[in-house]
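Heads up, the next two complexes both have chain A, just with different partners, chain B and then chain C.
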Partner chain A sequence: MGKIVSIHSFRGGTGKSNTTANLAAQTALVAGKRVGVVDTDIQSPGIHVLFGLDENSMGKTLNDYLYGKCAIREVAYNVGEHADESGGRSQLAGKNLWLIPSSIRGREISRVLREGYDVGRLNEGLQTLISDLELDYLFIDTHPGLNEETLLSIAISDALLIILRPDQQDFQGTAVTVDIARSLDVANLLLMVNKAVPNKYDYVHLKEQIEKAYHAPLTGILPLNFDLADNASKDIFSLAHPDHEWSRELRKVAAAILAVE
Partner chain B sequence: MSDEIIRLKKAFMFQGLPEDVLAALAQKVNRRALTQGETLFNTGDEGDALYIIDEGWVKVTRQDEKGDELLLNRCGPGETIGEMSLLDQEPRSANVVALSDAHVMELHRDGFFELLDQRPDVAMGLIRSMSSRLRFSGMYFQKMGEWSRKIAEGDYSFMEQIQPLTGGDSNSDEEKASQMLSAFFLMVKGVKEREESLKRQVETLTLAIDEKKRRQEFEELTQTEFYTKLKIQAHELRQKRLDNKS
Partner chain C sequence: MAGVFDRLQAKIKDKQKEGGITALDLADLPPALRKIMRLMLRRLQLSYPQLCAAMEEMPEAERLTRGDLDQALDSLYEQAWLVRLGQGDKAIYKVNLRPKSGSTLASGIWSSLDEKLRK
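Moving on to the complex of A and B:
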């Protein structure tokens, strides 16, 4: 049975989408696993851009499934079949990697905001996806904060990766998320720091502090990376720049996820 | 007058020598070409010749144990280098490297002492040039002491005032010594900056959790009907998956 790994952060803009896409790519490419990526950030989807999808190339979306317009299998976009000729993404050609995007059409987004949707159906869809595509891993990119669909994705996860920036606000917010994950019996809790300014802090000390406060392993400290920001989410950074410190740390996080029993 | 004699005439050490002496001397010197960057000799080498610079420039340097170069002097046309080893029979005390393509005239020990025997005025010229080198060394070490003291006090402002050399003789010993020492002190400044950046690195970020706020937020989130249902659902789901596995 495939594992569900949710990537979450208390506040927005911590790098969830970039991290999720890179972890999924590493898992599919390096570890040769069958991998799915779901964008459950229905209010502000974003991860599709990293896989080179735009409004024109996007077919059916998670929204269509949630409102009963299609089966979940029809939404899965085969990244390996559509890999670019060049860039980091080209390495994904022929790999078993599927993306389940959220709609980027204004009308469909506002319907979700207005009416909500049945989270039970989301759950069913994800389970179906795992068995239909015989996934080893299903990565879920979430909306920041703790709304209902995020609580659901945490609840059904085998592992939860919480991303935080090295600052007070994220430290506080992460504490609440950790409590929720424990209350929902998530078996594996992993932490990751992103946007750490190189050489600014004593990161060994920071790691000790974080692990002591949350009783969970800090699996990587990813630096603030202007090249990544510059890339404007157009490519999978760790594939395009494997020797960058950011990519090296990301692979540590990927290894920690692969080690989850 | 042969080319060789004209060249020898330009050397400060041989100034005032009559032409017949220069002609005899010309038989004893070899003209050697140096390409830019070529080493004439290194610290510790045996020294059995002195050199008179005919064209171009050389630098006189020493290396500290880390391999960083300390620039001691820069010498140009007319100046003599390497005479110390001939006089005190010790190995070379510095490295000499061509700063540009250059030509030097090499005079071996025997020829040199023969000349000194015959011409006390050459000895006088040599002593004069060594005195002026000593004066320069005095200034050099005075500057070094002055700047080291400033650095010990944390004052690096003097570095901004170091002027580039204009070349020729118009530079005073002080200007010249400042220039020579600037590279060394810039390196010292670099070391200080590296140390500071290392110090910055050990800045610690101390994070605190407001436990009251944490409990409040947790309760707000979990005391809903949705959450209670979700918890049960999640439990059932995990149970089902466990059953599937076994």
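Moving on to the complex of A and C:
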């Protein structure tokens, strides 16, 4: 059975979608795994941008599936078949990587908010994707904070990666998520620090502090940097800039996920 | 005339309308039941023999006796947290997740928003 890896942060703006896209790409490209990425951030979707999709090229979405308009398989966009001819994403050509995007159309987002949806159908879709696409890994990009789809994704995960910034608000929020994950028996709880101001922290000390506070392994400390901001979601950064410090640290996180039994 | 499959589907839908379990409810279950519910979420459904086999694989301290398991399954079914098809050894169980409820904002607000988004 393929593994489900949920990527979560208690607060927004931690770089969750960017990290998810990069981890998925590394897992498909470097490790040669069959990988799916689901955008369950239905209220504020965004990960499709990193894979080069826009409203016109998107086709069917998770929203169509949730309202019974199509099978989940029809929503899976084959990134490997539509890779760019240049840039970092070009390396994904022929790789087994699928994206299940959420709709970016205002009316479809408002429908989810207005009517709700069948959470059981969402779970069935996720499990069906794993079997239909024979996935080794299904990455779930969640909505920040806690809501139905986030809690469901935590409950069904083999591994949960929580992203936090070195910020007091993030520290407190992460404690809440860690408690909930533990109460739901998540087998592998992993942490990642993103947007750490360079030269401000002693990384060894920060790692010790965080691991002591949450009793979970810190898999990487990724620096805040202008190069990533300049990328502006135009490409998958770790593919476009493999030797960058951010990319090297991200690959450590990917390795920790691949090591999960 | 509705076939057996249609009748079973209708029965499942009726049960689902009655409520369902949330992920937070899962956290409040005893460890053995929580593990079984999580396994059922991953496999989508489990037969009674599969449930018994999963229970056997759990640490002895958490394991439920066959009688306690039967009682727990009945209780979860009665709360509409599980859907059960068939009886006894032939029963198949499925988790009934509570649907995400819609907004409680006045409908006029939504129709006004829809109107604006349509333009």
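Assume the second predicted complex is superposed on the first by the 261 of 261 C-alpha atoms of A that agree within 3 Å, B and C clash if a C-alpha of one lies under 4 Å from a C-alpha of the other, contacts with A are read in each partner's own complex, and residues count from 1 in each chain.
Operating definition for what follows: a residue touches a chain if its C-beta (ideal position, glycine included) is under 8 Å from a C-beta of that chain, and two chains touch if they have at least 3 such contacts.
Being a predicted model, the structure only gives us computed values, none of them experimental.
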Based on the superposed arrangement, let me know which partner A:E124 touches: chain B (first), chain C (second), both, or neither? second
Have a look at where A:E149 lands relative to chain B and chain C in the superposition and call it first, second, both or neither. second
Classify the contacts of A:M1 with the two partner chains as first (chain B alone), second (chain C alone), both, or neither. both
Figure out whether A:K69 sits in contact with chain B (first) or chain C (second), or with both, or with neither. neither
Tell me the contact category for A:S183 with respect to chain B and chain C: first, second, both or neither. both
Given the touch rule stated above, what does A:L113 touch, chain B (first), chain C (second), both, or neither? second
In the superposed arrangement, what residues of chain A touch both chain B and chain C? 1, 119-120, 123, 148, 151-152, 155-156, 180, 183-185
In the complex, go through chain C and note every residue touching chain A. 16, 20, 22-24, 26-27, 31, 34-35, 38, 41-44, 95-103, 105, 110, 113-114, 117-118
Could you please specify the touching residues of chain A with respect to chain B in the complex? 1, 119-120, 123, 146, 148, 151-152, 155-156, 166-168, 171-172, 175-176, 179-180, 183-185, 199-202, 205-206, 209-210, 213
Could you please specify the touching residues of chain A with respect to chain C in the complex? 1, 4, 106-107, 110, 113-120, 123-124, 127, 147-149, 151-152, 154-156, 180, 183-185
Per the touch rule, the chain B residues reaching chain A in their complex are 197, 200-210, 213-214, 217-218, 221-222, 226-227, 230-231, 233-235, 237-238, 241, 244-245
